[in-house]
C-alpha cells in the first residue's frame, strides 16, 4: 500500500454557540469564538487515499483527479461561506473543527473508489488541527 | 540601525461589498468575497521597528514590550471579530487587506517611540499579503 | 474517533554527554552536542488527544483547556531552562529528544481523561523530530 | 517504542509518459507532466525509524548516522538527476512519486538495523506527498 | 503607498552549462547543476505591486486580476517546462535564477499599470532565492 | 541589480543578564531569558548579496561559494556554542539578537567582494527576527 496526500484550502466564517445556554455559559466555554457576528479562518485540508500503484501509470490515483474531487466536493462547498448560516450540515450541529472534518469525510467518500479514503486532516490555525479516519482506526 | 520584527496573529471575518452597486457588479469585482454571510481568515501580522541597540541591554526595544503592545492594540481589537460589523474603522471603509494594514499602523504608532515604527506586514492567506510603511517609502 | 492536535513551543538548552566516557568517545558519538557550555533549541511540541465529539459543543476536548494543560505542565516546566541543570528528570538520564518526549507524555497523561492522550510529537530542529504513543502503538 | 524522523531533500527532473500510448492519451492522463523535455521538483524526504532509546546515550539511533545513511543512499543517488534517464530503477518503471518512495525504502532498508525502518514520506510539491510503510501497515 | 504581494508557483527543469568550457570547468563552477540530463525545481514566485487603495473597493489592484496575470504570463509560460530547451529566453542566456527573475519582470511589466510593479521574488529551493526591482532600487 | 539570498542555520545557547543590576531588575527586563543556566534557540540566518549577473554564468555570485563562506564564517563559529561563554564577541556585549546580527555582518563582510553584502536577517524564533543592512539603509 502507498498513501497519497493532497492539500487544498478554503476560507470560511463560523461561530460556536449553544442557543439553550446563557451568554455567560457560552462565553465561559467558547470564549471569543461565540462572537454573534462570526469570525473566520483559513482552513487547510489534507486528504489521504491509499492503494497499490498501477503498474503502467505508477499512480494509486491520478493526483489531478483527486485534486478535482476535493475542489468540487469540498472547496466549492465550504469556500467563502458562513458555516452556520450557509450550510445545511450545521443547521443542527456545532460547526466545530471536529464536526467539519467528519462532514468532509462524508462528502468525499462516495466520490472515491471503495476503501480508498484513509484520512482527512483539517487545520484551523497553525496551532490547531484535527484528523479523522472514518470507522477504522489509524 | 537594526530592524526588529515580531509576529502575532488573529482570526476575523469580513465581507467586501459596495452597497451602491448591483449584486452582479459586486460579484464581478469581489467574487465569493461578497457573500452576505461573511467569510474569514487567519491573519498573520509582522510589525517591524528600527533603532540603535541599547549599549547595556542590547535591545532596540524589548521584544516582550513590543509583543504586549501588538496584543493590546491589534490582537485584542481584531481577534474573533467581524471587521464589517464590530469595528468602527470599517463603518465607511472597505475592510480590504490594504485598508486593514493602514488601520494597524494608525493604531500602533502612538504607542511606540516616535519614528520607530518602520513596517507593518499583514498576511491574509498563504498567497496574499500587504505591506505598509506609513508616509515614508521603504 | 476524532484526533485533535495542538501545538505549543518552548526554548531550552541542553548537552549530551556520558561522564563515564573519555572526551574523545563523547565527541565521536555526540559531536558538537557535547559542548560543555551547552547549546540550545526552539522546540515545537504537538499533543494529540482522541475521543468522540460531544453532541452539544462539538468538541472532543476544549482546545483552550488542552492549550492550558500543555502550557502549565510542559511549557512552564521546560521553557528557558537548561535541561541538564534545571530539571530533576535529567539528573540520571540523557536529555536526548527521545527521552524528552517520554517525559512530556508522563507529565501530561495524569492531567487528561484516561485513554485520551494519543501522541506527542517533539521537533528539535526543522530536520529532526520524534513521536511517542505511550504503551500502545500507532 | 519511540519514533525518530529526519528530513533531507534533493532536486530532480522527471517525465511521466507511457511509450505504448498515443500523445493524446498521454496528455489526457499526465497533463503537462508528459512534456518530452522533462520538468522537475524539489523533493523533501522524511525517514522515520523506531526503537527503544539506549539507556546510556538516550538515542534509538544516532541522528547523525541516520542523516549520513540518507545522504549516502538517497541524496547522492537522486540529487540533480533525471529520474528517467540517469537511474536504473526507472528504466522500466514510471518515475511517479508512488514508485520513487518505494525505491527509497528498498535502498534504505539494508543499511538500517532489521525492523527499524518504519515510514518514508516523500513530498513532491507543497500540495502533494506520499507515504510508504513497507509490507506492514501504519 | 500600500504594497500587495501575491504568490504563485511552477515546476521546471534546467541545466547550467557553458558550451565553450571543458567538462571539468563546468563541473568545478556548476557542480551537479551541469548534469546533461537536467534536474528540476519547484519554484515559488512572489509578485509585489504598489499603489494607493481605491476609495471605493479598498484595492490597489484586484488580487484576483493580479493572480490571473501571473498565471497567464508566468505560470503558463514556465510550468512543467525545460528552461533550456523549451523557452526562447534561454537560447543564449544561462537559465540561472538571477536571469529567470529578470525574465519574469520583463514578461509581467507590460501587463500591469505603469510604475505599479515593485518587486519579483523567486525561490529556487528553501535555501536560495533572488529578488529583482527593475531599474529602480528597493 | 539582482539580490541573492541564501539561508543557513545554527543552534546555540545564550543568556541575557546585566551583572551590575539586581536579580529583580534582571528578571523585570529579561524575564526567563536571564536564567543563570542558559536557554537556547535554533537560529536561521539569511544572507543577501547584490550585483549584476555575470553574462556567462548568469550568477551574481556562485551560491555554492556563498554557502561555503556562511558555513565557514558563521555556522562554524556559532553552531552548538554558548554565546556568552564560548565567543569573544560577547565578553563585553549582550548576546541579544540585535547584537548577534551585527557580529554576523562584521564577520561576513571581509570575505565578500566590496559592497556586495546587502542584508543579514536572523530569526531567533518563528515570531522574532532582526535585520541589519550595515551603514547604508534599505
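For clarity, chains are labelled A, B, C, D, E and F in written order, and residue numbers in each chain start from 1.
Note that a residue touches a chain if its C-beta (ideal position, glycine included) is under 8 Å from a C-beta of that chain, and two chains touch if they have at least 3 such contacts.
Just so it is clear, the model here is predicted, and its values are computed rather than measured.
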Any chains in contact with both subunit A and subunit D?
C
Compute the shortest path length in steps from subunit A to subunit E over the network of touching chains.
2
Same-interface partner of A-D, chosen from the options C-F, C-D or D-E, over half of the pairs matching
C-D
How many Å are there between the centre of subunit B and the centre of subunit E, using C-alpha atoms for each centre?
28
Among all residues of subunit F, those touching at least two other chains are 31, 126, 138
Which chains touch, pair by pair?
A-B, A-C, A-D, B-E, B-F, C-D, C-F, D-E, E-F
Spell out the part of subunit C that touches subunit A in their complex, as residue ranges.
1-8, 48, 53, 56-60, 62-64, 67, 138
If you look only at subunit A, which of its residues touch subunit C in the complex?
16, 18, 29-31, 93-99, 101-102, 126-133, 137-138
Show me the residue ranges of subunit A that touch subunit B in the complex, using the header's touch definition.
9, 11-14, 31-33, 35, 37-42, 79-82, 85-86, 125-126
